[in-house]
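As structure tokens, here come the structures.
Presented sequentially are two complexes of subunit A, the first with subunit B as partner and the second with subunit C.
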Partner chain A sequence: MAQHGIDPTAPLTGEPTKKTKRKLAKELRTQLISFTFMIFLTTIAFISIASDAIPTGFAIPFILLLACIQVVLQLYVFMHLNERGNGWQNAMIWTGVLIAIPTVASLMLLLGIVKF
Partner chain B sequence: MSYAKAQSKSAVWDWLTTVDHKKIGIMYLVAGAFFFALGGFEAILMRIQLMFPEASFLPAQTFNELLTMHGTTMIFLAAMPILFGLMNYIVPLQIGARDVAFPFLNSLGFWLFLFGGILLNLSWFFGGAPDAGWTAYVPLSSEYSGTGIDYYVLGLQISGAGTLIGGINFLVTIINMRAPGMSMMRMPLFTWSTFVASTLILFAFPALTIGLLLLMLERIFGATYFAVHAGGNVVIWQHLFWIFGHPEVYILILPAFGIFSEIISTFSKKRLFGYSAMVFATLLIGFLGFMVWAHHMFTVGMGPIANSIFAVATMAIAVPTGIKIFNWLFTMMGGRIQFTTANLFALGFIPSFVMGGVTGVMLATSAANYQFHDTYFVVAHFHYVIIGGVVLGIFGGAFYWWPRMFGYKLDEKLGKIFFWMFLFGFHLTFFVQHFLGLMGMPRRVASYLDGQGLNDMNFISTIGAFLMGVAFIIFVVNIFVSMKNRETSGDPWDGRTLEWTIPSPTPEYNFAQTPLVRDVDAYWHEKYEGDGKMKAAEPLGDIHMPNGSILPVIISIGLFISSFGFIYREHGVIWVAILGLAITFGAMFVRSIKEDHGYHIPVEEIKNDKGGK
Partner chain C sequence: MADQHVQTLPPNLEKATLEGKNKYLGFWLFLGGETILFASLFGTYLGLRGSLNGGPGPSDLFHLPLVFIMTMILLTSSLTSVFAIISMKKGNYKGLLTWMTVTVLLGAAFLGFEIYEFVEYVEHDLGFTTSAFGSAFYTLVGTHGAHVAFGIAWITTLIIRYRKSGLTLTNAPKFYVAVLYWHFIDVVWVFIFSVVYLMGIGG
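Entry: the complex of A and B
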């Protein structure tokens, strides 16, 4: 209760500490690496569709897989889901995924022409 | 706003603008009780029609409307809001918080629910209520129904948004606002079950929203998701509805389980047996609840493998449910059981709910389901779980928390008469319906023929319904005659959890000082291991409170108005829809740009309150 009156949107002043600097540098490196990696993945996705060498039956699941990897990277590297204090966000997101995947998968099967 | 200004509002304005979780809780309870009475009245009318074969008390169309409105009202406008009322009032107190995480959104959730409910019920006066059952299966609801279904779609969409907001609010509250020392595994079971039910709301309601949206697009803009002649598929609606619908029944029952856990442990004077198993079972039920929706569709023709998988998954839910039942029994074993009215409801719940669970497993046997489906057997099943579980839970919770919420105890003698009459009436009404179903009486019929052996049991069933109706009136009478018993102690039941540490009536800021929690059943721990008072986790100081706001009402009214524009779109009133949306978004805009820092209750006031008690 003590600290009301502080404006959380006020600009930061002063120099960052050594530790913070090192942390920021490290984060910059991870972000650059995963950015390059993600561009690489996107290129592969394009190539796998553009070139006729890869059959469609393989290409579609393949680019879906690449998409999933990209989503995870996006969430963890760029949207900071990997940082401490995000346990609940992680738990809820993965619970949602855990519920949505079987639901959507079985729904697709159940609505298909083939009856099981 | 200053403290003095906040205190000087007129009563009506205060209730309209309040963001206090306690007042919002009470409004949920009052509105929910009103809709409960309305839904009950609709049920009695239906039972009168079914009292005799080929009766002509109600025209068949009216019967269908009553049937639809009864189910929809009871689930969305009575059971859920009443549970939300209890959660709103009790959960922040149980975790030692001063309010929910987002008081403004809390109020918005309530008003959305209320205006959605009013919209739905106005259909009675404008061209007839919805008549396609609470499940609103297409194509009945898309191609063969009148404006009633538009009211259904838009009413549920609006109140559903309110529910979703409420659920998210509870999640954030429970995650972020627990008092120091209250780890997740020290939370009272009612808070735990609120948490799991809110998660279910978060993941299940979107399916309903999408289903209703598709139905709306189909009806209003001529989309063809469900139109077979245009390549659509009617079964999609059933899936979407039940992907929402089965978790929904657990959204209702889990909080009731939580209430019973509190009541049984308080009135057995024992710690809840197997606390962590109870938490685990709750989580497991919540998770499995998403994996069984197709058990409502065994006869649709999904195929034998699909049916078997969903049958097995459904039966699996009986395991964690059984764990809970045994834990309640073990909690009572060796305890000093007090037969208060609240505890009677808990004791009545156990056998009643087990019967509903047994018929559930029978229904889940997919081969046998071809015989049971769409007969009165299903009606008997879900009333055993919903009345025997949810409604008994609500009444038990009402008797238990009444002194906390309203500052007086309900009369125990009248309460017991009410309990026995209600329980007896309930079994009388629904027990015979199992046999009506097995004899082949289909559900959702407005009448039946003479000479088929259905007469006697239908008559008995109606008598039971009358008994429940009279019992409910006794409950309402009890509320008024008991007002004279002022309860001055904040802890009338020798309680175990934080909500009983507060003086009565509950002060606006709940806790003068945030308590420090040292064990499960925090208060009990202090009573027997400490000095009987909670340790404080902070010094006494000014308390920051949020300002009230009328904007939630305006936002909800905007949506309410715009619904009429959509419903009567063919009469060239689409501008009404635009006007309504403009009101809503205008109010949201005002909310976004207006700075609102709340106010402080000065420490002298709090000291006064403490001295005054």
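Entry: the complex of A and C
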């Protein structure tokens, strides 16, 4: 890339700027917190099914909700969708989700209930 | 490159070149498509999971402790790949390779458990053709397992290919995109353990 004066195949040397370092430290903290939270959510989901204390009618929607929270955390914190300049990336994955929902619903209906 | 010793790393290595930017964008398009692939497999599984044809059903087969261990392994491997990217952005190439290797090892452990699990189910008389549930289950979880296997192969290739090159603007997007793929595998697994295993045991 001429505008950086760097040959893309040359090994990069040097350090990130102070600003980037601060940003990375903050990012790491957020990611560690959300990792802990994800472990927590997963454990809760397993416990709510493993123990008989929680009725099934409540446990199923509950674990699906936990799954959705965990996935949003993965996408936005681990996969950096929350960063600026990721508008198209967001559009693509959410378009996928938008098509995925009727796909799941119609297959469940056609195969599971109508059994055509 | 006389001024290289004063050079600072660009803040977003993976997007510093046009090629990197395009890779990053194109990869999200691919992930959108993958979402729909898995949605069709999930929909099929949910439609067919009650059709046992006299074979064993979810509650006869699944064991929560094994699935819990697998989930934790995959979740941890997601975190180690996050560490890899943080190392990369700090310019620590050795750290990047080390964390990537840890990620691959955790992925291999996950895959080992999954193979063990499938062998176990086949011994309990659930073959691919036993019932509609069997076919749907093996297709859904097997496709995920195939993604894990592909991810392992991909990252291993990158590690071997670039073991000596140092961090460059060419390989930074490649590592970054491979890590995105790895996170996506974890995203799919979250739904698999919830929809297939937990719902299979819970009702």
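The rule is short, and it goes like this: the second predicted complex is superposed on the first by the 94 of 116 C-alpha atoms of A that agree within 3 Å, B and C clash if a C-alpha of one lies under 4 Å from a C-alpha of the other, contacts with A are read in each partner's own complex, and residues count from 1 in each chain.
We take it that a contact is a pair of C-beta atoms (placed from the backbone, for glycine too) under 8 Å apart; a residue touches a chain by one contact, two chains touch by 3 or more.
None of these values were measured; they are calculated from a predicted model.
Chemist: By residue count, which of the two partners contacts subunit A more extensively, subunit B or subunit C?
Modeler: Looking at subunit B versus subunit C, the one contacting more residues of subunit A is C.
Chemist: Name the contact category of A:Q70: first (subunit B only), second (subunit C only), both, or neither.
Modeler: second
Chemist: So, does A:E15 touch the first partner subunit B, the second partner subunit C, both, or neither?
Modeler: In the superposed model, A:E15 contacts subunit C only, not subunit B.
Chemist: A:W88 contacts which: subunit B (first), subunit C (second), both, neither?
Modeler: Both: A:W88 reaches subunit B and subunit C.
Chemist: Now for A:L111: first (subunit B), second (subunit C), both, or neither, which partner does it touch?
Modeler: In the superposition, A:L111 contacts both subunit B and subunit C.
Chemist: Which holds for A:E27: it touches subunit B only (first), subunit C only (second), both, or neither?
Modeler: Only subunit C is touched by A:E27; subunit B is not.
Chemist: Considering only touches as defined above, state whether A:A45 meets subunit B (first), subunit C (second), both or neither.
Modeler: In the superposition, A:A45 contacts subunit C only.
Chemist: Identify the partner contact of A:A53: answer first if only subunit B is touched, second if only subunit C is, both if each is, neither if none is.
Modeler: After superposition on chain A, A:A53 lies in contact with neither partner.
Chemist: Where on subunit A do the contacts with subunit B and the contacts with subunit C coincide?
Modeler: 1, 4, 88, 92, 95-96, 99-100, 103, 106-107, 109-111
Chemist: Which residues of subunit B touch subunit A in the complex?
Modeler: Counting only subunit B, the residues touching subunit A are 171, 175, 199, 202-203, 233, 235-236, 239, 243, 287, 290-291, 294, 301-306, 538, 541-544.
Chemist: Where on subunit A does subunit C make contact in their complex?
Modeler: Touch residues, subunit A against subunit C: 1, 4-17, 19-21, 23-24, 27-28, 31-32, 35, 38-39, 42, 45-46, 49-50, 56, 59-60, 63-64, 66-67, 70-71, 74-75, 78-79, 88-89, 92-93, 95-97, 99-101, 103-113.
Chemist: For the complex, which residues does subunit C have touching subunit A?
Modeler: Against subunit A, the touching part of subunit C is residues 1, 3-11, 13, 16-19, 24-25, 28-29, 31-36, 38-40, 42-44, 46-50, 64, 67-68, 71-72, 75, 78-79, 82, 86, 89-91, 93, 165-170, 172, 180, 183-184, 186-187, 190-191, 193-195, 198-199, 201-203.
Chemist: Help me check something: in the complex, which residues belonging to subunit A touch subunit B?
Modeler: It is residues 1-2, 4, 88, 92, 95-96, 98-100, 102-103, 106-107, 109-111, 115-116 of subunit A that touch subunit B.
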